[in-house]
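This is the structure I want to talk about, given as C-alpha cells.
Chain IDs A, B, C and D follow the sequence of writing; residue 1 opens each chain.
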Amino acid sequence: MTYLPFAYPLPALITLIAAWLVLGMLGLLQPQRVGWVARMLFPLGALVALGVAAVAVSALRAGFTPQVLVLPLGLPDLPFHLRLDALSGFFLMLLGIAGAGISIFAAGYFRRGEGTSPGLLGLQYHVFLASMALVVLADDAYLFMLAWETMALSSYFLVTSQHRIAEIRRAGFIYLLMAHIGALSILLCFGALHGGNWTMTFDAMRGASLSPAWADVAFCLALFGFGAKAGLFPVHIWLPEAHPAAPSPVSAMMSGLMLKTAIYGLLRVSMDLMHTGPWWWGLVTMLIGLFTALFGVVFAAVQTDMKRLLAYSSIENIGLIIAAVGLALLARSFDMNLLAALALAAALIHAFNHALFKSLLFLATGSVLHATGERNLGKLGGLIRYMPWVAMLALVGTLAIAGLPPLNGFVSEWLLLQAFLSTPAIPHSFINMIVPLGAAAVALTAALAGYVMVKFYGVIFLGQPREAQLERAHDAGVLERIGLAWLALGCILIGVFPQVALDAAASVTRALTGAAVQRGGTIWWIAPVSPAQASYSGLWLLAGLLGVVAVVFVIVRLFYHGRVRRVPPWDCGYRWLTPRMQDTAEGFGQPIRRIFGPFFRIEREVPAPDDAQPHYAIRIEDRTWRAIYAPITATVRRLADAVAVLQRGRLAVYLLYSFLTLIVLLMFVI
Amino acid sequence: MHMPSLATQFLHVLAAGLLMISFAMLAQRRIRRLIVLLAWQGAMLSASTLLVAITAHQSHLYYSAALTLALKVIVLPWILMRLMKRLGIAGDIEPLVNISTLLLVGLALVIFAFGLAQPISALATTVTRQALGIALAVILLAFLMIIARRKAVTQVIGILALENGLFFAATSATYGMPMVVELGIALDLLVGVFVFGIFFFHIREQFDSLDLHHFEALKED
Amino acid sequence: MELLLVLVTPLLGALLLAFAGAHRRAPEINVTTSLATLGFAVLLVLRVIRHGPMTVANEQFFVDPFNVFLIALTAFVGFTTALFSRPYMRIEEDRGRLTPARLRLYHSMYQMFMASMLVALSTNNMGLLWVAMEAATLSTVLLVSLYRTRESIEAAWKYFILCGVGIALALFGTILLYVAAEGVLGHEGMHALLWTHLNAVKGHMEPTVVGLAFVFLLVGYGTKVGLAPLHNWLPDAHAEGPTPVSAVLSGLLLNVAMYAVVRCKVLADGAMHSLLPGRMLMALGLLSMLLAGFFLWRQRDIKRLFGYSSIEHMGIISFAFGMGGPLANFAALLHMTVHSLTKSAIFFTAGHAAQVADTQRIDGIRGLLVVSPTVGWGLMLGTLAILGTPPFGVFTSEYLVLTTAMRDHPRAIPVLLIALVVAFAGIFRHVQPMVFGETDAKPLPHSPALLPVFAHLALVLMLGVYIPPALAHLYRLAAHLIG
Amino acid sequence: MNMIALLRQLAEALLAVALAPLLAGWVAQCRAWLQNRSAPSLLQPYRKLRKLFHKDAVLAEHASPLFRITPYVVFGTMVLAAAIIPSVTTDMPFARVADAIALVGLFATARVFMALAAMDIGTAFGTLGARREMMVGFLAEPALLMVLFNAFLMYGSTALPTVVHGALAAHGLILRPSLAFAGVAFVMVLLAENGRIPIDNPTTHLELTMIHEAMLLEYSALHLALMEWAAWLKLFNYACIGFALFAPWGIALHADTTSPLLLALALLLLKLAVAGGALAVIETVSAKLRVFRAPEFLSTAFLLAVLGILVHLQLRS
C-alpha cells in the first residue's frame, strides 16, 4: 500500500472529486456537441468513479485509521472538515462502482435535442456525483449541508431537464420542496446535536453530551430529514414523481446512489455522532421501515409505468434497509453488539446491492425508452427478441432484485432474516413479540418483490409486442451494454462471493458497533452467527445448479432424438391470437389490487355491457396525497387568502397599523 | 437655576393653546381654515420657542424661533394656500363622520400621552419639562388626524402639525436640537412640502380629484 | 478624506445630472459617478482595515467596522445598478414609458438617493442620520412615481405618507434620546447626539426614557425597514417603481434603515439592561417572516413577489439581530450583505423578464429559458440563492441563524420553519413556470446587461463557500460592537 | 472419505429423483381408490415420462431461449433442493450450502422462471397461469418461512440438519403446541405450493380454474417431461421438509455405517406412503376453492404459523 493515492487517500479523493467538476466545466466548452460531451467526458467521468472506488476500498482494510483533512474554505471559524473512515469508505465504494457503470451507460445514452443541452447536462451530472461524494466525506455540519443541498439542487436540474413537459415541472417542484424541508430538519438536527459548545464539527458532536430530551429531538429530526430524502412513508411522495421524470441515467443515480446518501446520513448521525439512545428509536425506525417496504412493493405491483414501478420498488428496498438500521439501533440500545453488527451488515450490503441492481434496471428502462419511445407497460412486450442484450442483462437485475439465490439480492435478504431471527435474545418481552412479525413482513415483502419483478420483466420483455412499432426496436449500443454488463457483473459477483461484501461491511460494523459478524471460514461461505445456526454459499449453490442443469442437459441430449418443430402457439380455438389477449400491466396487478384494496384509492371506469366501444380505465392513487398533503396545501391557501385582509389598500388602515404597533410596543416599555 | 414663574405660566398657556388647536384641527372640516389653524400653531410654537430662549438664555433658540416663524407661519401656509388656489380646492369641505368619537379618542390619547411623558419630564432639566406631555399629545393627535382624513391635502397638513408637535417637544424637553440638525429638519420640511405640491398636481391630473378613496387600486385582492 | 470624497462625489453627480440628465450620454455619467464613488469607498475600506475606525468633520462623521462594509456594499450595488439601468432605461424609453425630462429626474435623483444613503450610513450624529433618512425618502418618492401612472403615483403617495409619519416618530425618538443623553452629557448639545459618545455613556442613561426612545425609533425606522405590520408601502413601491429603483430600494435602503435600527438597539441594550429591545426585534422579525411567507403564496406580480421576499429577509435579519450574540450578529451582517446582492440581482433579471414578456404579471411570463437563457438562468439561480439553497451565501447566514435559534430560542423554531417552508414554496411555485416551459415572446431589442447579475451571484456564491478573512474580521468586529 | 460423502450426496439426490414419480403415482392411486375409480398403475408417471421423451418437441415459433432453458433450470433447482433436504441422513456435505431460507429461495427461483417462461409465449392462458402462480407464491412463501422460523426458534438454527439433530436430541415425547400450529400451516402451504386441491387441481384442464397447468400449456415432449418431473420432485421435497421438521424419527445422524441408513430409507418410504395417503384423503374430502378464496386460505396458514411463533415465545418464558 505504498502506492501514492493509497498513502494519501483523502487528497487523492479530493483531486478526483475536483476532476469530476473540471469534466463538468469542460462540457460547457462545446455544450451542443454530443460527441465531445458524451463520448469523451462521460467515459472519463467513469474512470474517475473507478478511481474513487479504488481509493475508498483502501479505507475498508482492517486496521485503517480514519484520515482527516481540513480545507481553508467554508465559514471563518468552521473550515471544511473532511474525514475518510470505514463508513464513508463503504458508501464511496458504492458510489464509485455503481457510478462508473452509470457514467459509461450515460456516455452512450445522451442524445441531442432532449431538453437541456448535453454540456449543461454533463455539468449538472458531474456536480451531482461530486456533491454526493462530498456528502459522504464531510466531517462538519456546514460542509455536509452544503454538499447535501447541492446534491438536491443538481439533481433537481437534472430531473427537470425536459422542462417543457408540465408534469415533469410538477415533479421537479415537489422534489425540490420536499428536499428543502428535509434539509431544514437535518440542519436543525445538527443545531441540536452540537450540545451547547458551538463547534459544528462532527468530532465535537461525537464528544458532546446531550440531555435525553435534546437527543430525542435530534434523532426525530434526523429520522424525518433523512427519511424525506430516502423516501420513507409518508414523505415518499416526491420519489415516484421525480424518478420517472428524470432521464434514465439520472433516475439510476437518484435511486441507486442518492437514496443511499440518506442511509449514510442516518447511520452517521444515529450510530456515530449520537450515543446509544432509548430502545424506542430503533423500534420506531424499524416499524416505519417495514411499513414503507410493504407500502412500496404493493404500489409497485399496480404501476403501469415501468419507471414508476421501479421507483416504488426503490421505496420498498429503502424500507427494508431502514428496517435493518432500526433493528441495529434496537440491538445497540440493548448492548447486543453482535446482533447490531449483523443487522447493520444486512443494511449496508442491501444498500450496495440495491445500488447495483436498481441502477441496472433503470438503465435498462432507459434503453427500452430510447428503442421504443414508450414508458407505458401497456404498450410494450416481446422485446427479448429485438433487444436480446438488454433483455439478458435486465434478467440478471430482475432475478437479483427479486431476491433469488444465487444472486446478490438474496444475500442481503438472507442476512436481514437471520438478523430478525436472532432477536428473541432481546431482554424485552414486548419487542420479542413484535420482531417476529417484522420477520414476517420482510418475508412478505420479499415474496411480493418477486411478483412485481415477474410483472416488470414479463410485460416488457416477454410475450408478444403489444404495439406494431415495437418490432422496429433496436438493441442498445456498445457503451450502454458495457454499462449494463458492469452492473450485472456486480450483482453476480456479490451473489457468488458474499463473503467479500460481508468483509467490507465488517470494517464498518466494527467501527460503529464494536463488533463484526464472523467470517464463514473460506471466501465462499458466510455463516454470520455460527455454521451450526445458518450457513450459505452462493458459489456452491451456483455451481450445483449449473452442474445439475448441465448434467440433465447432457443426459437429455443423449437420450432424446432432438426433433423440434416450430409452430404458431395454440390459439385456444379462436380464429387468431392477438397480443391484446395477453395480460395488461393492470391485469397482472389485479390480484394485488384485490388483496391489498385498503392501501389504494381506486377510480374505476367500467364500460356498460351494451357499450359499442367498451373502454375500461382504472386510476390508482396514493392515499397520502388526500390524507396529508392536500389538507396542508388547502390550509396554506386559506391562510394566504386570510392574510390578504390585512392589505386592502386603505392608507388610513395602514397608518392605523403603525399607530397600534406604536401603542402596543409602548405598553411594553412602561 | 432661578425661574421666573410668569414666563413658565406663559409657556404653559401657549402649550395649552397648541393642544386646543390640535383638537380644533381634528374637528375642522374646511381646508382653508385648517391651513389657518396650522399657521396659528406655528405662531404659538415660535412664540414659545422665543420665550424659552429668553428665559433660559439659549442663544441658538432665537434662530430656531425665527426659523419657525419664517417657515411655519409664513412660507408653508402661503405655499399651501397658493396650491389650494391653483388647484381650486381652497374652499373644499371634507366630510367627517362622527367627530364626537374622534374627539373622545383624542381625549384618551391625551391621557395616554401625559402618562407616558411623566418619567421623561421627571428627568428633563428644562424650565418647560411639564410641557413635554402636551407635545407628545399634539403629536399623537396629529397622527390621529392623518389617519382620520380622506384627502391628500389634509393628510399633508396633518404631517405638518405633527412636525410642529415634534418641534415643540424638542424645544420644551431639551432647548432644541443642535443647530445643524434643526437646519436639516427645516430643509427636509421645505423640500417635502414642495414634493407634496408636485404630487398634488400629478394626482389631480391622474385622478382629477384629491380624494384618497381612489387610492385603493394597489392591494391584495 | 476618502469618506468626504465618498459623500461628495454622488452629490456632485446629482448636481451635474440635474442639468445634463437628459443628455444622450447621461447614463454613462451616472455610471462613472457611481464608479468613482465605489473607488473611493474601496479606498475607505482599505484604510479602515489598515488603521481601524476613525471620525472626521469634528466627529460628525465616522467609520467603524459596522458601517464601513455597508458603505462599500452600497457603493458597489449603486454602481452595478447604474450599469444595469443603462440598457434597461433605454428599452423603457424605446417603449415610450419615459421622456427625457423624466430621465433627467431619474438620474439626478438616483445620485441624490445614493448620497443620502451614504450620509445616513456614515454620520455619527443621530439627528443627521434622521435628516439623511428623510432625504432618502424624498428622493425615492420621486423615483417611485417616475412613470406617472395612476398606480405609481398611488404607490409613491402611500410610501410618502407612511414613511413620512414613520420618520416623524423616529424624530421624536431621537429627541427623547437627546433628552436621555443630556442627562449624562450635559447641555452643550453638540456631543449629546453623537453615537460614539452615546455609546460611551449608554450605561448611565435613564432606562425608561431610552426605552421610549427606542420604541419610537423602532417604529419609525422599522417602517422603512418594512417590518410587518409597518410594511404596507413596500410591495407597492417595489412593484410600481422602475426596476433599478426597486433594486436599490430592496438592496440598499432597507439595509440602511436596518442599520439605523441596530445602532439604536445598541444604545437601548446598553441603557436598559434588559432583553426587551432584542425581544421586540425578534417578534417583529418573526411576524414579518410569517406574514410575508403567506403573502408570497398569492402574488400575481413578479416585482411585488420579490418585494414581499425582501420583507421576509428583513424579518430574518431583525430576528437574528434580536437574538444578539456574536454568532447571530455575524449571521445578520452576512445576511444583509448577501441579501442585498442577491435581491438586487433578482430585480435586474426580473426587470428584463418583465420587459421580455412585456408584462409584470407572473402568469404572463413564461419559458424564459427558451426566449433568453441568460435571463432565465439568472432568475432561476437568483431565486434559488434567495431561497437559501446552498452553495449560495444566503444559506450560510440562514444556517447560522437556524443553528443558533435551535439552541437559544427553540420556541421560535416552529414559526421559523413554517415561514421558511411556506416562503420557499410560495416563491418557487411562481418562479419555476416563469423560467421553464414554452413561450412565444420575442427577445429584447437591446442586449440585457446581465454582467451585474452574474457578478452579484458569483459574489454570493463565493460567500457561500469562502468568506475572505478580512471580511470575516470586519464582521466579527462589527458583531462584537453590536454585542 | 470426502469422496464417499460426495457419492452419498449424489445417491440421495438420485434417490429423490427416482422416488418422486413414485410418490405422485401413489397419491394418484390412493385418490382413485378413495373415489372408487379403478386406479392407474403405480408406475404410471414413469410411463408418462417415457412417452413424453419420445415425442417431438413442439415450440411456439417466437419462443425465446428463456422458454427453452426454463425446464432445465426448474428441474435443476428441484434436484438441488432434494440434495439439501436431509431426507435419509443429515450428514451430507451439500446440506451446509443452503439453509432453510435459501431453500425457500430456491423454490422461489423455480417459480419465477416458470412464470417468466409462461409469459414468454404471450397467450392468454400463459399469463393467467403466471399471475395466479405468483399470487399463490407470494402468499405461500412467507407462510413457509414462518413455519421454518418456528423450528428455528426451537432449535436455534435455520439449517435443517441442525434442526433434525435438535429434534432427535430431545429424548422421550415432548409436546410442542407451537409445532401443532406450524404443522397445520405447513400442510396448507404444501397443498398450495404443489398445486393441490383446494387451491389448484393437478388433474384438471378446466380453463378458468387451473394455475399450474396453465403455465405448462405451451410445453411439450421433453420440456413438459422435465416440468412434470420437477413438479413431482417439488412434492417430494416438501414432504421431506415436513418430515425433517415434524417427524424426523429415523433420519440417520451419522452415515458412516450403513445400517442406520437402511433403516432411515425404510422409514422414509413408510412416511412417504402415509403422507401420500393423507394427501389423497385431504384432496378427496375438500373441494376446490375459487381463485380469490386462495388468499384467505393462505393468509390463514400464515396466521397459524405466526401464532405458533408467538405461542412458543410465550411458553418459553
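One rule holds in what follows: a contact is a pair of C-beta atoms (placed from the backbone, for glycine too) under 8 Å apart; a residue touches a chain by one contact, two chains touch by 3 or more.
The structure displayed is predicted, hence computed values, not measured ones.
The minimal number of chain-to-chain contact steps leading from chain C to chain D is 2.
Chains that touch both chain B and chain C: A.
The count of contacting C-beta pairs peaks for the chain pair A-D. Across the assembly, the mean Cα position most removed from that of chain C is the one of D. When chain centres are taken as C-alpha averages, the shortest distance to the whole-protein C-alpha average belongs to A. Distance from the chain A centre to the chain B centre is 70 Å, each centre being the mean of its Cα atoms. Chain centres here are Cα means. That of chain B falls 102 Å from that of chain D.
In terms of their C-alpha centroids, the spacing between chain A and chain C amounts to 44 Å.
Work out the mean CA point of chain A and of chain D, and you get 36 Å between them.
Annotation for chain D: no residues touch two or more other chains.
The set of chain A residues that touch two or more partner chains comprises 643-644, 646-647, 651, 655, 666, 670.
Annotation for chain C: residues touching 2 or more other chains are 157-158, 161, 165, 208, 212, 295, 298. Pairs of chains in mutual contact: A-B, A-C, A-D, B-C. Partner chain C is touched in their complex by these residues of chain B: 116, 119-120, 123-125, 136, 139, 143, 146, 152, 155, 159, 162-163, 166, 169-170, 173-178, 180-181, 184-185, 187-188, 191-192, 195-196, 198-199, 202-203, 206-207, 214-215, 217-218, 220. Of all the residues in chain C, the ones that touch chain B in their complex are 60, 125, 127-128, 130-131, 134-135, 138, 141-142, 145, 148-151, 153-158, 160-161, 164-165, 168, 171-172, 174-176, 178-180, 182-183, 187, 189-190, 192-193, 206, 208-209, 212, 235-236, 239-240, 295, 298.
Contact residues of chain A toward chain C in the complex are 73-76, 141-142, 145-146, 148-150, 152-153, 160, 163-164, 166, 169, 172-173, 176-177, 180-181, 184, 187-188, 190-192, 194, 196, 198, 200, 636-637, 639-644, 646-647, 651, 654-655, 657-658, 661-662, 665-666, 668-670.
Residue ranges on chain A touching chain B, taken from their complex, read 643-644, 646-652, 655-656, 659, 663, 666, 670.
On the side of chain B, the complex with chain A involves touching residues 112, 115-116, 119, 143-144, 146-150, 155, 212, 215-221.
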